[in-house]
Amino acid sequence: MALDQAVKLCLNRTNLEEPARLPAPVISAENLSLTFQTNDGPVHALSDVNLTIEKGDFVSFIGPSGCGKTTFLRVAADLEQPTGGTITVNGMSPEEARKSRAYGYVFQAAGLYPWRTIGGNIRLPLEIMGYSKAEQAERVSRTLGLVDLAGFEKKYPWQLSGGMQQRASIARALAFDADLLLMDEPFGALDEIVRDHLNEQLLALWDRTGKTIAFVTHSIPEAVYLSTKIVVMSPRPGRVTDVIESTLPRERPLDIRDSREFIEIAHRVREGLRAGHVED
Amino acid sequence: MSMTLIIAALAIWLGGWWLNARLARGRGRAVALAAPLLFGATLLLIWELLVRGLGVPGAILPPPSAIGVAFSQNIPTLWDDFVQTFVKGALSGYAFGCGAAFVTAILVDRSDFLKRGVMPVGSFVAALPIIGMAPIFVMWFGFGWQSKAAVVATMCFFPMLVNTVAGLAAADRMQSDLMRTYAASPWQTLTKLKLPAASPFIFNGLKICTTLALIGAIVAEFFGSPTLGMGFRISTQVGRLALDVVWAVILVAAIAGSTFYGVVTLLERAATFWHPSQRGR
Amino acid sequence: MRSIVPILTVLLVILGLWYAAAVPLNAQWARDQAARADTTLSASQLVEATWNQDRPRLPTPHQVGAELWKTTFESCVEGRRAGSIECITHRRSLFPHMWTTLSVTLAGFAIGTALGIGLAVSIVYSRAMDMSVMPWVIASQTIPILAIAPMIVVVFNSMGIPGFIPKAIIATYLSFFPVTVGMVKGLRAPTHMQLDQMRTWNASGLTTFLRLRLPTSMPYLFASLKVAVAASLVGTVVGELPTGAISGIGARLLNGSYYGNTMMIWAALIAAAVLAAIMIATISLAERVTLKRMGLAQ
Amino acid sequence: QDEVTLQLQWVTQAQFAGYYVALENGYYEEEDLDVTIRPGGPDIAPPQVLAGGGADVMLNWMPSALAARERGVPVVNIAQPFKSSGLQLTCWADTGIESPEDFRGKTIGVWFFGNEYPFLSWMSQLGIPTDGGEDGVTVLRQGFNVDPLLQRQADCISTMTYNEYGQVLDAGVSEDELISFRYEEQGVATLEDGIYALEENLEDPAFVDRMVRFVRASMRGWKWAEENPEDAAMIVLDYDESGAQTEAHQIRMMGEIAMLTAGSNGALDPADYQRTVDTLLAGGSDPVITAEPEGAYTLEITDAALQ
Amino acid sequence: MALDQAVKLCLNRTNLEEPARLPAPVISAENLSLTFQTNDGPVHALSDVNLTIEKGDFVSFIGPSGCGKTTFLRVAADLEQPTGGTITVNGMSPEEARKSRAYGYVFQAAGLYPWRTIGGNIRLPLEIMGYSKAEQAERVSRTLGLVDLAGFEKKYPWQLSGGMQQRASIARALAFDADLLLMDEPFGALDEIVRDHLNEQLLALWDRTGKTIAFVTHSIPEAVYLSTKIVVMSPRPGRVTDVIESTLPRERPLDIRDSREFIEIAHRVREGLRAGHVED
């Protein structure tokens, strides 16, 4: 019930904003560059990145280690300042978007606060954003259920396995109503079966709520299975080498992964990746 | 006669050690308590036997038994001294010094400029023998406990400041980025992230200061005091060669100091239960 | 280098506060003095008077500076050997006193470090030591050693060991504690995995110690050495008070206090601070070099 | 040469000029003695040093020495170079104090460490309680300097005529702003700097012989110092390793000290002794000695030394 | 050249030991159990595990998080004491095997010593085992080449990416002559392309040297691609639910992964895993 409400709320909001929103993509980057100054000289983490993410897109970022995937998400989240080009989020600057709490961010590592229980960790953004006590409790138990952690509310992070912690951190990002989710390898620490299960769950959530999701992964099947759009990146300097629009339907059972179409897309992604790997 | 006592002391040392080595193989709360007690008891016994065996004059080092007697005979005086030095001098100075350092640390943490200016100067001052301030403080704040509290507060300020500032910077990048993504206010970031993350450091500072507080209060009394206080008692009784009373005061100091330390440790355990260092080795 | 401006600013603020504080603290005496002379002071005269007293409650920075100058470079103006070369390096000059204090401090620091490391090793390697001794190591620091410093001096005197050794022992007592605590932490810092790794190679206990525990503990060691050397200095200074207050910074402090010579106290304090700064800077340097050679500092 | 170690009861200053003069002028050497002078300091209890064997002889004030005797450290006075007491209470005149009766309700700084007894006994003779209150005095454990008076933290403080009193004047206070009460004049004077040795050592004739020579040379030093105060002060200054003493101060101190040593040839006057003991026995609630001491002094040494 | 020598050495040794070695498997576990006593009660990490690993086997362990894969390797390495059953390594007790330096162990995380260069890290076991200086240098440079890290000998671990560190830690285990390699998720931190490459390399090494390898992984394709034998485990209590003998040939090009046989084995492994996952 509560879930349905949330969905409705989301839809309502979408409807309300419809007229104004028409032309504004959720994320739009133009010639975006970011260079870190380090002791060993400058590191070009992002170089001339052009990318548009539309409302409702599920975009995966894939590429070798160090190609700037995390950096791109961090720039969008206003955690890093670009050194060139522009980027807008919901038509605003990243800073405004951050201040209007436009997105939820799942970090590469779980990053739970060890002094708070799992429930307390999920409640944290809700407290900060000033939700009422009742709503906090309601949302915590709802999102805990969503990631199969019901019953672990009172445990502390270190009492959970790495995978469970990762799920809790996903729940934390889902607890409040952000239309945009930035997820940095959220399923990296999980084994294949759990990963499959959470992939399904995430797709269902995305489908239900119409959220926009930007998703970093190292796994080609995962990227293909989840995305409407796959961004392949290559390092030194980090740039986008390929953007693959998925032709898979929105409805995706797990065994879609055995389909010809799936395998073709996966192949294209692998080729794109391999091309970026020459120098390694 | 004396030789046998010395040999007995040696035997007790060996015996105590053997017992402890055996004890240490066990586990649990009882052992954790018994082992140090046993060690302490052995130490006292050896002290007693050696002092008697070697015929050390009581004006140099009294045996533990004499100290015990002096302790029990002087409880009212010792209590008054304890209140004067520990409760009034050390505790109030401790609270004031640590409190001021805490507030300063929060300010320093807010401004990079301050941090860069205050911290090097702070660590320099922290290395000063602040004890040298004692005669000056007696001159400024009078003979009462206030001057002792001032010495204690000064001694505690910098260690506490350095620790707290380090602690406030202890939250890792991801943890603070998380707060940023929530667009949390500085106050929210402070209460919900920085302070909890800093608490192991804060408690480290608080623990260091417990020992400093007692030492500071006692030594400050050497430079002038009313006619009571632990430092006063020690120095006056040394003049009268009443070393048993002196050691009784030292005993009070050790008990008070250890208890103080223990209480802060317990608080630490309660507040930082989540920290790996508190979750067993 | 970016820190120069902030540090200078903070120092300036401190100097400003210092001068400001000197006014109210020294005002009473200035007014009394004026009353004796049957005059009244204007505000500026008052400030002027408070900043230049002979026996101020708080001497101003320039007075302390002058005293430092006088006691380091122009130290020989009185006594039968006034003006001779010999007396510049003796008595009145602060340098020999700083040297006395420094030598004791270093001795105490060296013994304390050795003792601290030894204790830490036995605590890490022996469960019996860990359980029975560790609580007493902590309790030992709650004994006000400084209060019983005179007795230690006397006891050693009576054994025919005057001066240097008892002071060094007090310094040792204060400095071994931070080293023990830090080294216990440091020697226990290797992760389970690193220890297991050594096991898989069937490394001996000594090898594990030399190649794993010792290197891991280095950052901890240096951090505690800095604390320990400062503690050692405090111990020495306090130990110098009752050893006949013959020489050393502690003796200067005491004599300054005894003759109500606040300038001498402050000069001694500054001298102590300089000593502390030099020693800590030296350790920091050693730390940087060692850690760099170990590849631990980027 | 026989070795003798002398434990002073304070830092090097003209208060101990006689011994330094004897050392500098070679009087000890002439007596075939090799003397080491150990300065004292705050919280060094000379009787403790003696008991521990760290010194052969010590200087001490008699109340403290008698207290040590009762405490089981049997020290014996073998000579008494200081005839009269230099101890006094110095008060601000403007506090309205004109006689000891006016101490009531005032704050007084006192030296402890065994030196508080004459004061306590004086107050108890006057019937003034020493635990604060309206008509008692508030006692402070005075540090080592005269600041409590200058800063008006105390109305009166203990001073020695030869040292602290001069410091007060040096600070810019004129004599008529002050009023002093000498213990000597109040009839509560106790004997100050005397030479003490351990009773058991005195049973050894060789030791006694050494002491005889030591006392003889020391008294020579004292007499020389009395006659040449300026030179004596300079000698003291030479031996001051702390470098904290000043010329003017030591010269004046030597002048004052000479007045205290004046009436003594080194021998203890049993009448002075008796007066000290009586004063102490009349002491307040926490008496320093509870019974008339026995054998606390011997004239044997001075008799031999001064014949 | 050096490599060939090492291979020859290895083969020589194998030949020499041939007569004595006949009946003794490299690892043999019978009813092996291990229960950890924790504050929350006992944890049955291993329960009644029976397993034989023959000389020259490449055995993969796969199973959900916490099923006891690491624990099994640790017991074999004498890093953990079993609470029941028996296990022998090279016919000896694990302790004797450890003391005779019978195996190399690659931990789940790289665990390089930060105060030693990459070369120094690889040299460490050689120093401890008392190899001569010349041999140390020779072996370090050889194994560095083996994992494509030639030229990085003088760098410190923190100057390398996570993947390179992982490779260095593998090199460290290969540097001395152990016939048995215990590898705990050695490729967990790597991206797919690098992983493929290292998989090839490892297979080649195994083929060349005839080492016995016990290998933990979370990836089904990896397990199938590498192994002669796949051990599927399930948790609470940790037990072996399936042992799958691979029918793939020893010679395995990367595209064998598209073969029917490969997909069938992978399917069987996935089924085995899923069965163990019911309770999750």
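Going in written order, the chains are labelled A, B, C, D and E, and every chain counts its residues from 1.
Definition applied: a contact is a pair of C-beta atoms (placed from the backbone, for glycine too) under 8 Å apart; a residue touches a chain by one contact, two chains touch by 3 or more.
As the structure is a prediction and not an experimental result, all values here were calculated from the model.
*Asks:* Go through the assembly and pull out the chains touching subunit B as well as subunit E.
*Replies:* Looking at subunit E and subunit B together, the chains touching each of them are A, C.
*Asks:* Go through the assembly and pull out the chains touching subunit A as well as subunit D.
*Replies:* Of all the chains present, those in contact with both subunit A and subunit D are B.
*Asks:* Any idea which chain sits dead centre by C-alpha averages?
*Replies:* Smallest offset from the overall C-alpha mean is found for B.
*Asks:* Quick check for the class: compute each chain's Cα centroid; which one is farthest from the centroid of subunit E?
*Replies:* Here the answer is chain D, farthest from subunit E.
*Asks:* Please tell me whether C-E or C-D has the greater number of C-beta pairs in contact.
*Replies:* Counting C-beta pairs in contact for C-E and C-D gives the edge to C-D.
*Asks:* In whole angstrom, how far does the Cα centroid of subunit B sit from the Cα centroid of subunit D?
*Replies:* Subunit B and subunit D have C-alpha centres separated by 38 Å.
*Asks:* With centres defined as the mean C-alpha position, give me the subunit D-subunit E separation in Å.
*Replies:* That pair's centroid distance is 85 Å.
*Asks:* I'd like to verify one number: the distance from the centre of subunit A to the centre of subunit B, where each centre is the average of its C-alpha atoms, in whole angstrom.
*Replies:* Computed value for the inter-centroid distance: 50 Å.
*Asks:* Averaging only over C-alpha atoms, locate the centres of subunit B and subunit C and give their separation in whole Å.
*Replies:* 18
*Asks:* What are the residues of subunit C that contact at least two other chains?
*Replies:* Residues 57, 150-151, 154-155, 158, 241, 256-257, 298 of subunit C each touch two or more of the other chains.
*Asks:* Pull out every residue in subunit D that's touching 2 or more other chains.
*Replies:* Residues 42-43, 45, 48, 51-52, 143-145, 147, 151 of subunit D each touch two or more of the other chains.
*Asks:* Counting only residues that touch at least 2 other chains, which ones in subunit A make the list?
*Replies:* none
*Asks:* Give every touching pair of chains, nothing left out.
*Replies:* Pairs of chains that touch one another: A-B, A-E, B-C, B-D, C-D, C-E.
*Asks:* Quick one: which bits of subunit D touch subunit B in the complex? Just the residue numbers, please.
*Replies:* Its residues touching subunit B are 42-43, 45, 47-48, 51-52, 64, 67-68, 71-73, 112-116, 130-131, 138-145, 147-148, 151, 153, 288.
*Asks:* Please output the residues of subunit E touching subunit C within their complex, sorted ascending.
*Replies:* By the definition above, subunit E touches subunit C via 74, 77-79, 98-101, 103-105, 107, 109, 111, 113-117, 124-125, 127-129, 156, 158.
*Asks:* Which stretch or stretches of subunit B touch subunit D in the complex?
*Replies:* Listed in rising order, the residues of subunit B that touch subunit D are 57-60, 135, 138-139, 142-143, 221-227, 232, 235-236, 238-242.
*Asks:* Per the contact definition, I'd like the list of subunit A residues that touch subunit E in the complex.
*Replies:* 63-66, 161-163, 190-194, 218-220, 270, 273-274, 277, 280
*Asks:* Subunit D touches which residues of subunit C in the complex?
*Replies:* Per the stated touch rule, the residues are 28-29, 33, 36, 54-55, 57, 71, 75, 78-81, 90-93, 97, 150-151, 153-155, 157-160, 162, 241-247, 251-252, 254-261, 264.
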